[in-house]
């Protein structure tokens, strides 16, 4: 643990008390006014940084990316941005790919694929695809093999069952659905791998902008299902990556 | 239409104006103070009367039954009563059967079985059985053949699929489920007959006493699913009877 | 049942194991990337396919219609589309009728009228008409005779009562209302046929975008009332068709 | 206005400044520790005092009554008390009548009947009667003629219509209903007098303890309907009295 | 009562049975397709008709006004319309006044002022004025003297108290307030006339678009306060008129 | 700052690295299995410890008190306990005072009174007193002069205004009210000191167990009002103490 | 107290009764039609006036400022205005500074800095800054030294802990956060000064526009945390000023 | 995949068509009337069966265990039972251990410990321990090493930070907290392993029985946090086991 090393350096006289206090404080991030950028994250966690773009200007986003770049972080995932923001970021850096349907821009490269197995991303309907893509692209960025299985909602069970093999072979499954959100329970009952349920705000009337799917998924009678926030594809992709890399160097 | 006949009788002098007014008013029910008992219903609708027992004393319930009896209605369904109330009613009349697990007492006989086909009552779990029995006994009381299919929740899809034949053969299906309420959608996707969804208050936490299942069922992506109030087994049985007797004399 | 026939063909050597597995999987739908189109539905259920247009582009919708056409499904109902989308679809196929007030486009013909009787569609006010038309056009598309009874809200009871005959003659009634949603209960008390209640998002303030009408309808003290999602005219029309064709070849 | 008279007395030397300050402060109520009893109300408003019994001990209630009595207020209405509390109060004072079904005890006499006309109290069902009685007894206590019309819910419209005359003759109507609360709208549409709607907590499931009836009544499409809190029979009776005595000496 | 007279006419031979049935049906309104216009209301209730403009086109509104005019109803109140709609109506009829701040247009004249006393309309803040004007103009249209008392919210109690005389002299008070909605309770405690509380959607955050004010007003500890829907100024003005004309010919 | 001193001791050789790590960890609390007792709080913050009694057994509470006692903390406030629990604690230690009406037991002495001025605790009604006492006793325990002003709800404004002097003289005010919770706004408008609003669960129906008062208080149009959780008298008393001791040694 | 002085003047003959009544009424504010402007506030409370700009036109705002100016109030804070409104106000008066990011315009000068210590304003993320600036500028306007600590959300605890000294040195802390709102609890646990929590509407999905942060803050397990309305930066700044000036002349 | 093997056996003549159909249907569970017991689960998933005890009688539970035993499943976890039910089950089978504090009974042995690392179970307070124990015992039953870290809520951050090493060493963390539920975010920010958040119904007032903690956790700004239903300790333990055994034979 780090604190111990710093204390040891103090004891050995390699570090003065004031230097130690300073070190404990300034080390992990760089303050650029509108944000405190974590510049050690890739080192600490072996995982590149992510910028949550919603509510940030293009200037702020590019500023954060530059700070990262200066600190040796070349690969950055930006989420929740519009098409125009994506284009503007692309114009600023050489190596940016945009995925406007998913609200994502990626600077640099995805990590090399590794992990225990495959991350399966399934959706109930066509309208759930943007959220699913946010999840899928996130998982790919962090170095996972991803299979997409879209429009397999439970009202046409044969569409889902005809893919039973992919479902049973997956290492982690991300189930993305709006409306009644039953997809997570049915998939949870068909497999024995962890299922991350993502309610979407797709629907109308008593779907209450994802509330119905959210409650449905939280109450899933299938074991092995955990839930993230409505439309939080990124969160699901991030957790899937964590799980798919359990015990992997 | 009745109003026309009364008017005709007035014109023909067979009825005075005041008598006609009176007739229009007193005909359909008898006022016994704490309730206005509908005594013509079986004649008008070919359907025996039902007493919603919740919030009524045994004295009130037996009083209503007696008023019916005096007007020739011998078969009565009483819902939402406790075991003790059921016993007390049984002690009062000769021909009463009690179903305490479903909160139901039946005086007299069920109607003779008729209808287009079978009413299937399915539940997600064991705890949904009381609500399902309220539905099943109601449908039987009104003269329907009922099949019960309990504990076939979607988390163990094989349990449900192994009964695909019963599901596809049913004339109307009542899907009773708490928690995430996905049963209605899955059944709705497997069949082409009307599905009446009954959310139950079974569950805990974010099931919010049936709210989760209710929203889930209202948002069902399967066509052909309509919904009744939480725990309203009686309502579902009543509608199933209506549908199963469509076009039947 | 189909699975049995496939198994029989395997036994008889008419089908290899792998072919059987394939058959079980690819048969019921065709995957066109953004959607898995059910191409056997009209055969299986005697009911033409429906496209839920919300959240789909004109290209996706016409693509799905073409896939259907190639598989012999000439009659298609498209719901929840804007006026411009409707025009675009009409420009693409010869035989399209648009109903912009109801958000509907119909390719091909309605089914020939059949069924036990008439489907009555009633609304509380003028603003509920778009949802009512979605229901009425759906029921007509599937081959039902439909009577419209608009602006008969309970606050002017004489407007409703003056149509008592139509109400009592109907085979199924769809009651469409926003605000306090009492129409369903009052109609449910006047008739003995199934009533499908459609809450609408019409209203303001404490109507909470249809929530008030929805709760009101779920709590209806009239038996025989079941409920669909807020503004779900299509769902109501679909169920009405099912019920009106009970026992009908 | 009072403040002017006190100021005038100060000017005329009939009152010292400190006495005036005191007068302005101590006049309207007497502080008995656990409550500040309004002892001038009957004088000021011609209306006897009411004690809201919920959450008060018998000792507190009798203490308040005694304080009133000492100040010449002999007639007191106590609401929201249990049967035992009522008996205990009766044992304490000579002239107490208890109405346990309505949670009410009355010390002394009702005011002599006056007012423009009749207050009609209607309920949707039998279970709404306790709330209705709270309203009716309150209106009677304050000197109104009250007509009761119970169990006339809209699901059996003939029960309500057969009393059209009482409804049209009433001066003010209190409509008490749980579940879907449609009674207020239907009555509001039949009459042109003010309707005070009282939602009750009667119902189950999606009635959410009166919420459904409350929203329904607030959204009433009938003009002339205003609403009080769930189960607030007293409030409705109080307002009905105010309205029925408009312009009456 | 009318039905009796019709029956009498039938008996006397002045009316055939079929004519009587017809009369009962067509009498009270005229069906113009998109609406069923009540053309006898002014006769029956001594009160001109009102058109709720929200969700109606200018064509529909002018069509309804014309139908009224043809039936001798010259004075019409139109509520919930935009400025443009108001101008368009004004261009169509000679005698129209527009009040865009309140969303109101008035064709013809207000009724002559009558009633027991004054209707006081008070608001908590400046932003509540549009709703208050809807109430005030409605009450004036129906023939009431109206006093306006705006921006007297409880956070600056002296502003309210300095108008104690107007408050105590009023016959009915309409209390219009958003945010915490305390105005109704404080006014209710200062007066002994009926108070109609109108919650407004003014506020932000946890005001939840009027929900906070609505709940606050429903829970008012002051007796004599009843509540209408959020922003329902018209409803409040209508009820105030009813109350202010109690017992008045 | 403490961390610096520990580092300094390490540098000076007065503390080994491992001892330092240990010190940083074990210092501030003692782990007694079911709780981690903060034993330095009185030293660090000059404020005795408090035990939140809800959900703890008498054994756990006395165990925690003993741990404190052993560490020199003699004065302890226990909140949210029943009468029986209070008696049991009293039986265990010599110097315990119980306040069952407020759910409080105090071991040892209150701190000596100090602070800028007076903490005023006001309630809307009699039923709010238990919550108010929790606040008042807490403030007294921490060494504040407390004035109680109970049953001064806004529906009887004169009761509140007659105490204007106490209100204006207070240093901090705690406004405790259920139902519509208007007390906080009115007091906030009368004074210029900080007001801490405590919504209570007192009320029925649409008070939704304190929700109405909570929303009302959060939306207060009076500046200077902040809010704590429903029924959280302790929290209010604690904050009042903080504020009343601002800048006081 | 003022009322006593007025009464004394009446007694001494220095004031007639009618003048006294008038004085009591017109003194504290000036009615300019659309608003009742408090013109004595700075005198009474030593605090300049604030205009809540939302829902007011530029004309109304400048009118209110002019009324204040005429009465000697030169320093005015205007909140909740857009950039355009700010520019328009600036064009109208000489000495206006605009802070469009915070929706604030300030006419005149901030009060001279005084107070016990520093007001610390902390945010969880970058998107919370506008609300935080509303709080910070308000506190500065009223004469407080303000420290800003932005983007220190709990998910990167080191960012917060590295500022432990500022946190512990503050006199009052305003914790501004959306999403899960945990910042208030963690800061509350690190310090012993009052913490004012401001939930923001920043977030998506189940944040329900600030509801999640609001509930989280109300349930804070840290003592010393009180809460204001969602996004109410002004309110927090105002209370912080009150607390930071406790006992200060 | 199993279906393929059955088809192969049919082809090879080892299985008749009817036998195959039967096999597909009856294989996976045994119907004992009140439940359909999954008797192949341990084989299929390498995981013993679990009985959700809530709403089941002792007879039903023991019946299900016996059915399992007869099918060779000797190790069974029973959750959500009372102390009495636990004792009754213990009396029925030889090898039952009861954990009444967690509502759990275990028949047979826990699986042998395996897995990638340690499952850490942390709670915010003492009252969260029952839910935490449900999680911990579940994880142990399925063969995981579990570390417990109780009463480390964020309001006393030092308690949590002093265990930084355990937190950073864990393989999966289960964060159990009620009230504001901030524990999950803070832990999520301190570690890089998956965090499963369990909101508990611990709290009062605006905690709304776990709703506050649930929303807080869903909105966690820390990546890597997924959520299960309120009080669902079992679900969290089950998922932790899945994750801790990723890639482990």
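A, B, C, D, E, F, G and H are the chain letters, set down in written order, and residue numbers restart from 1 in every chain.
Simple rule for what comes next: contacts are C-beta pairs under 8 Å (C-beta built on N, C-alpha and C of every residue); 3 or more make two chains touch, one makes a residue touch a chain.
Everything numeric in this text was worked out from a predicted model, so none of it was measured.
Note on connectivity: the fewest chain-to-chain touch steps from chain E to chain H number 2.
If you take chain D and chain H together, the chains in touch with both are B, C, F, G. Looking at which of E-F and B-E shares more C-beta pairs in contact, the answer is the pair E-F.
Taking each chain's centre as the average of its CA atoms, chain D and chain G sit 42 Å apart. Centre-to-centre spacing of chain A and chain E amounts to 54 Å, using the average Cα coordinate of each chain.
Chain F and chain G have CA centres that are 25 Å apart.
The residues of chain C that reach two or more other chains are 24, 156, 205-207, 211, 214, 218-219, 223, 229-230, listed in rising order.
Taken pair by pair, the chains that touch are A-B, A-C, A-F, A-G, A-H, B-C, B-D, B-E, B-H, C-D, C-E, C-H, D-E, D-F, D-G, E-F, E-G, F-G, F-H, G-H. Remark: chain C residues 3-4, 7-8, 10-11, 13, 16-17, 20-21, 24 touch chain H in the complex.
Contacts from chain G toward chain A in the complex involve residues 126-127, 129, 150-152, 156, 158-159, 162, 202, 204-207. For chain C in complex with chain B, the residues that touch the partner chain are 1, 44-45, 47, 50, 116, 164-165, 168, 171, 192-194, 196, 214, 218-219, 223-230, 234-236, 238-239, 242-244, 246-248.
Across the complex, chain D is touched by residues 24-29, 34-36, 38, 54-56, 60, 199, 201, 210-211, 214, 229-232 of chain B.
The residues of chain B lying in touch with chain A in their complex are 124-125, 153-157, 179-182, 185-186, 188-190, 203, 205-208, 211-213, 215-223.
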